[in-house]
Amino acid sequence: MSLEDIIQETKTFYCLDCGKCTGLCPVSRYNPAYSPRVMLENALFGFQDDLTYNHDLFSCLTCYACSSKCPGDVDYPLFIQKARALALDAGQHGDCAHSGTVQSLARLMSNPGVSQNRLEWLSDGLRISTQSDTMFFVGCAPYFEHIFDFDSGAIDAVKASLKILNHCGIEPVVLPNERCCGHDMLWTGDVETFRRLAEHNAAIIKEAGVKKIIFSCPEGYRTFKEDYPKYVDIDCELQHISEFLADRIAENGLDFSEVKRKVTYHDPCRLGRHLGIYEQPRKVIAALPGIELVEMEHNKEESLCCGTSAFVNCDSCSKQIRVDRLLEAKATGADTLITSCPKCQIHFRCAMTNKGEEKGPDVEIEVMDLVNLVANALGDGHNE
Amino acid sequence: MSEVRIGVFVCHCGSNIGGWLDVPEVAEYARSLPNVVFAQDNLYTCSEAGLSQIKNGIKEHNLNRVIVASCTPRTHEPLFKRVCQESGLNPSLFEFVNIREQCSWVHMQQREAATQKAKDLIRAGAAKASLLEPQEDIYVDVEPRALIIGGGIAGLTTALTIANVGFDVKLVEKEKELGGLLRHLYKLYPSNEEAAAVITPRIEAVRNHPRIEVFNDSTVRDVRGFVGNYDVIIASDGKEETIKTGVIIVATGAEELKPQGLYSYDGQKVITQMELEQLLADGNVSATKVAMILCAGARIPERTYCSRTCCMTAIKNAVLIKKQSPEAQVYILYRDLQTYGTEYEEYLRMSKEMGIRYIKYSLSNPPTVSDGGVKVYHELLGRELNLETDLVVLATPLVPHSDAKELAKKLKVPLEQNKFFLEAHVKLRPLDFATDGIYLCGCASWPTDVEQTIAQALGAASRALIPLTKGQVKVEPIVSSVDQDKCIGCGICEYLCPYKAIAVFPTDKGDRASTIVASCKGCGVCSSHCPMMAITMQNFNDDQITAQIAALAAV
Amino acid sequence: MDNQNDFEPRILGFCCNWCSYAGADLAGVSRMQYRPNVRVIRVMCSGRIDPAFVIEGFLRRMDGVMVLGCHLGDCHYLTGNYEAINMINEARKLLEYSGINSGRLLLDWVSASEGARFSEVVTNFTEEIRALGPLGAAEGRDFSELEFKLRAAQATARGEKLRWVAAKQTEFMTEGNKYGEVFSRHELNRMLEGVIADEMAVNEILLLMKERPLSVKEMAAAIDLPPPRVLRYVSALRKKGLVDLQSLDGNSPRYAIRVEEEVQQ
Amino acid sequence: MSDAVLVIGGGIAGIQASLDLADMGKHVYLVEKSPSIGGRMAQLDKTFPTNDCSICILAPKMADCYDHSNTTILTYSEVKEITGSAGDFTVTVLKKARYVDAKKCTGCGECTEKCPAKAPDLFNMGLGTRKAAYLYFLQAVPRVALIDQEYCIRMTKGLTKDGKPRCGVCKDVCQAGAIDFDQQDEEITLNVGAIIIATGFDPYDPTSLTEYGYRRYKNVVTAMEYERLICASGPTGGHLKRLSADDRDPKTIAFIQCVGSRDLHHNKYCASVCCMHSTKEAILANEHDPEIHSYIFYIDIRASGKGFQDYVARAKKEYNVTYIRSRVAEIAQDAGENPVIWYEDTNSRQVKSMTVDLVVLATCMVPRTDAVGLAAITHTALDEYKFFQTSPLAPVDTTIPGIFACGYCQGPMDIPESVAQASAAAARAAEIVS
């Protein structure tokens, strides 16, 4: 793909040079050198090297804060995604967080021969099947348990999701040979690895014969929904678990025990701005008796990113964004910060473990995935 | 005449007056003036509420003079005079005192001084009002004919509209051919129609219209008369012809500035948009690396205005080049893009989609043109770009014709500072001149695109049709009158009157001057020059002015 | 005398309806701030301004008079402002003869689009008058002295003789008099000045006699003219039947205004 | 055949078209939906580029139009049906009940004074309240009160237990005996030869631009609200102050351009007048208080009309107005309810924030919501933006012969252009009914 192709695909030429993207960009506020607008403008005037050899190409969070409000409707995150592929062709990699472990893992998984022990987390109480029409896509949570030196909470969320599905009478298919969805590969420019992963997943899903896939990870959900169709066929209904829950609650209601919490909800970029899902998680929270939901200054469409995506380029700027977000959460007076993305949770928890070294402001707040909140409220009585 | 009973209505004009001077105090003061029997303040005297207060005041206090102290008589006098008339008071017994443009708006930080000045002006107004006399309206017939100056799209459109309603039209064009600026254009934005296809049928329609007579190659030599009765002397082919007409429409257009000395303009490699139009029309554009520089000669200290049409012209021509050769690189160097409205903004978007690139430059760091290239600092990118070019096109502003000033003088209408014609009111009377019976449309007034020009031309036709269909117009009764007992028939007034509206006639007392009312425009030169002080200007007579002076001076 | 700094000049303004008054309106809507010293009377044309109005202003103790018209060539009435030049020129001479600094009279041009210029002209003129001080200050004379002269000037301005010459200026300069003699501006000025000198003297004499009967000598002393010249004027007035011999002061006859004849004023 | 003309919409365009035709001796029926003619221009404080007081120059035209012997003004009325064709249209107009007898009402305001029921003041853009019995605005033409049945206690609350109406204060205090609770809507049939549509615009609701916090933050207002705030006959009597409880006078004001305009997510087009009205509003702010510093955030300054460039230059030089090239990204709020503006200064390419006292959103202007209905009634076509469709070469001709459109309902334009178009429409109509 040439630079001109990228301009055409992302409609970069519609840029009004108005600067709204840059003004909205969470990165630009901390990194004055970083300007989405100038990045686009350079591309329009053919300065390709200024793009591919630019460290800041990897600073973008692809959070869509810019494009969702772009008056010219330029798809900047897509532009970045494609430009990173160009950069990779030129031998340029971004700095990846956690020493690139996540990326390496994904590349490893793209090798068809590799064998994994994917279901080791499955405990006795949780039921899965091989016959159901519904599949639950686990994603990378089983690996996250082992990568981070703090409790990522990722696998707990998977367990909670399964508990919820079971409670609703669903024993989903969970595939032992499922691979990383490829999200991080795609967004770091490694299209080839992404394609291999997509093809693998498409094949095993087809083989499983399921009709519907439920995700608790917004990245997997987005990738299946928006990116897979360009490479593979997935002939299934796709749903995020918050959508699933909102539907269930609207249809029959669910019997919840009281939740004495004051919570605030953090919209993950992939679920929110990428896919427009703002109301369902809030409806789910509102359905919990006794709970109080307070909104942060930036919520829904204006929600702030957690500061890192695709485990790329996690620097001081990312940390600052994260701290700001946690401070916003604390400012609401909530005792719990709810999110529905395992990665948001990881990044927030990471920020809190780091706080000692930086002697920054107190950002300690309980962070919990929406599914954990719901699963807890379902109580033991319902959990056979 | 019975006792003088003056009512004074002092207007707050919202806060326009009330915010800067003490209106109630001024009204209170007015009440103390000689002959003033009633005074009140109103929030907006010109509102329905204010007007009915005037009516009530006249009725309840048996007023026989009304003073409104508010804004300028130049806009609101007719309204208040009408209200007086409706209340049975002769409108000439109304006096206007301007305490807004003359006081509150120009002495904003001097409340006391402004209040005092308002009192003084009202005192003078009351002094004059006491001496006002009722006048009867004067009506004159309108010659049922329109004369249009300029045969471009504006003039042609106006001519057709007026003729279609059923009036004779005389169309004067200084060039040999009709069509104006459009004759030099290739295609029009945003419709992409060929200019020729637009103008030619209209020229045909005008040529074939039984009610329209065209004077090609002709100029206006002189204009005399007044609304309804203009005599326009047309010079063509060395011959002169006088046309009697009721109304005159100025549709003389404008011309493209030739950018001599700007950006290495040479008419070859560096050309104007209109020169490019010609090349495009002839299919003679082979350039594939084109830079267009906007605001060439516009929005600079010596010509501050934005010519409104050049951005779209440039974009349209850029699109034409790009359509002709899709591989062409076209850059548009701009300062602020004027793609206002719906279609132009869409056109801009389309041009970007086609690959035309926009570069913003600033006046302090303008592009430089050299052989084969343009160097420009892209303000928004923060870097200098070296554009290789084989053609540079300058978008230059439309400027008034050099003879506009002369025509303005003949018509006795004003020009604004850039020498475009100045309308009666920039907001609400865009197609009228302050002089009755003369109208304007199109680029003569300001650079306008074709759509706007047509709208204005139709609009000017409407304005001109008012006196034409009415058949007569009212003349302000500000005319001179001669005291036949004092007059000695010296003829000085006849000599000085610019309108030949006063002349010496034999009478049984000997030669005496008298006024030709329909021709008199009320300037008062006769009155100030009469050796015998025998001439009175109605509504501006010596006694009234002297009373005003005395009242202003009284402390 | 007022302290120069506290002195707020009182200025009378005349604006024509089409240009300068419109310019004042524009200054208004544009909120151009200027000194509040000028009181404007709106007339249709600057050519309407009779020199008598100007004199009247000073008689009423205005410190300055300002006449604003359309720019030359832009007059709504074609030539009105050229006539204004003639009239103001005449008024200026009358002021000079009355001992008043003619800087107190301004004729200038402001178009309908020159709001800024209007405010500038007003402000500048106000400051010029402020610098001159109250009427009489720059002249070094009491107002009562000036008043006498101004009353004479007023009568002169309203008198047939001066009005005739003044009104004929344009014709004399372009087409000439009835003998076809075309006059230059300089010649006309001399003619005008001659008439003014005579008429001022005559009117001063009449004013003096209005107070009480006077001898030629007394009159000559009062208006600072050689007695023979005063005698000439008095003789002319007698011939016209305006003045009568009233009594004798020693050898000198005293003259008085004829009772039944009112001097045109 | 009829030589009368129907004008729909009583704003400046409708008024001008009516006046031209009436002066030509044609009978004009002017139908206006609201209780008074005057339209949007009546809501403005001043007009650019001369700072003429808007109502001052409009009011005489309103009065002329209403009092003209050749006009019939139907306010508080709507066109319901149109049949026929050019030269001979039959029009059905619904004249809504005012519950006040227009012939008797003197507009004295007594009923308004005493009415106990409050309603949002729509003329003041919902800032402040008016009564259920009200005059649409101070300079309303005709000066006839009306009763808002949605808020009138008598009409909403029903009878008391003993079968008596719950309120009737207006009727009691009206000395002219003009209050008539039994008044009914009326259908009027008109025969006209031509129709002129001049329905104008609505301001675009900026609530959907969530990043600007309109309605969330008290000190973020729209330009139309600002016009009312700064107008002497507005809800604050012309005292420019913040809407937050602190009531503070603003010292710094940010004017944000292109709010919902030139934006593919909202309205693609340029509303054409915002650069200039914002410039005017900034000038007015400084005039109210010379300490006020205004910032105008723009993309392109569209100042191409007569005298506009000089006006902008004066705003910079004399009125403490700073122009910043940027489309504002986000408006937040600090603890003192001060709006915090985040933006990229595109000339310096720096992301900056600025805390101001007041934000004014120059919202896009969109066709009136009922344009669609009117298009259906008249069978005229709308363009993709829902403006009445015309062509550049016949700028006031709709797609139906004999029906013309002028002013903002035809496309974005300023007042002089609307006036010129209104005269143009009058000329076109005159060609038919002459």
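So that you can tell them apart, the chains are marked A, B, C and D in the order they are listed, and the count of residues begins at 1 in each.
The rule we apply is simple: a contact is a pair of C-beta atoms (placed from the backbone, for glycine too) under 8 Å apart; a residue touches a chain by one contact, two chains touch by 3 or more.
Because the structure is a prediction, the values reported are computed rather than measured.
Visitor: If you tally contacting C-beta pairs for every chain pair, which pair wins?
Guide: B-D
Visitor: Could you work out which chain's C-alpha centre is the most distant one from the centre of chain B?
Guide: The chain lying farthest from chain B is A.
Visitor: Using mean CA coordinates as chain centres, what's the chain B-chain D distance in Å?
Guide: Centres of chain B and chain D (C-alpha means) sit 26 Å apart.
Visitor: Which whole number of Å gives the spacing of the CA centres of chain A and chain D?
Guide: Those two chain centres are 46 Å apart.
Visitor: Find the geometric centre of each of chain A and chain C from their Cα atoms only, then give the gap between the two centres in Å, rounded to an integer.
Guide: Result: the chain centres lie 91 Å from each other.
Visitor: When the C-alpha atoms of chain C and chain D are each averaged to a single point, how far apart are the two points in Å?
Guide: The answer is 55 Å.
Visitor: Where does chain A touch two or more other chains at once, residue-wise?
Guide: Residues 14, 17, 37-38 of chain A each touch two or more of the other chains.
Visitor: Would you please write down the residue numbers of chain C that are in contact with two or more other chains?
Guide: 29, 31, in rising order.
Visitor: Provide the list of chain D residues touching at least two other chains, using ranges where the numbers run on.
Guide: Within chain D, the residues that touch at least two other chains are 50, 52, 262, 287, 325, 346, 349.
Visitor: Following the definition at the start, I'd like every touching pair of chains, please.
Guide: After working through each pair, the chains in contact turn out to be A-B, A-D, B-C, B-D, C-D.
Visitor: Which residues of chain D touch chain C in their complex?
Guide: Residue list for chain D touching chain C: 50-52, 287, 314.
Visitor: Could you list, by residue number, the parts of chain B that touch chain A in their complex?
Guide: Those in contact with chain A are residues 349, 352-353, 355, 357-358, 360, 378, 380-382, 385.
Visitor: Taking the touch rule as given, give the residues of chain B at its contact with chain C in the complex, in rising order.
Guide: Answer in residue numbers: 72-74, 98, 100-103, 105-110, 113-114, 116-117, 120-121, 124, 408-409, 412, 414, 416-417, 422, 434-435, 478, 490, 492, 495-496, 498-499, 521-525, 527-533, 537, 540, 542, 545-546, 548-550, 552-554.
Visitor: For chain A, which residues count as touching chain D in their complex?
Guide: Of all residues in chain A, those touching chain D are 14, 16-25, 28-29, 32, 35, 37-38, 69-73, 297, 300-302.
Visitor: Under the definition above, what is the set of chain C residues touching chain B in their complex?
Guide: For this pair, the touching residues of chain C are 10, 12, 17-19, 21-22, 24-25, 27-29, 31-34, 36, 39-45, 47-50, 52-53, 56-57, 60-62, 73-80, 83, 87, 111-113, 119, 158, 160, 163-164, 166-168, 170-171.
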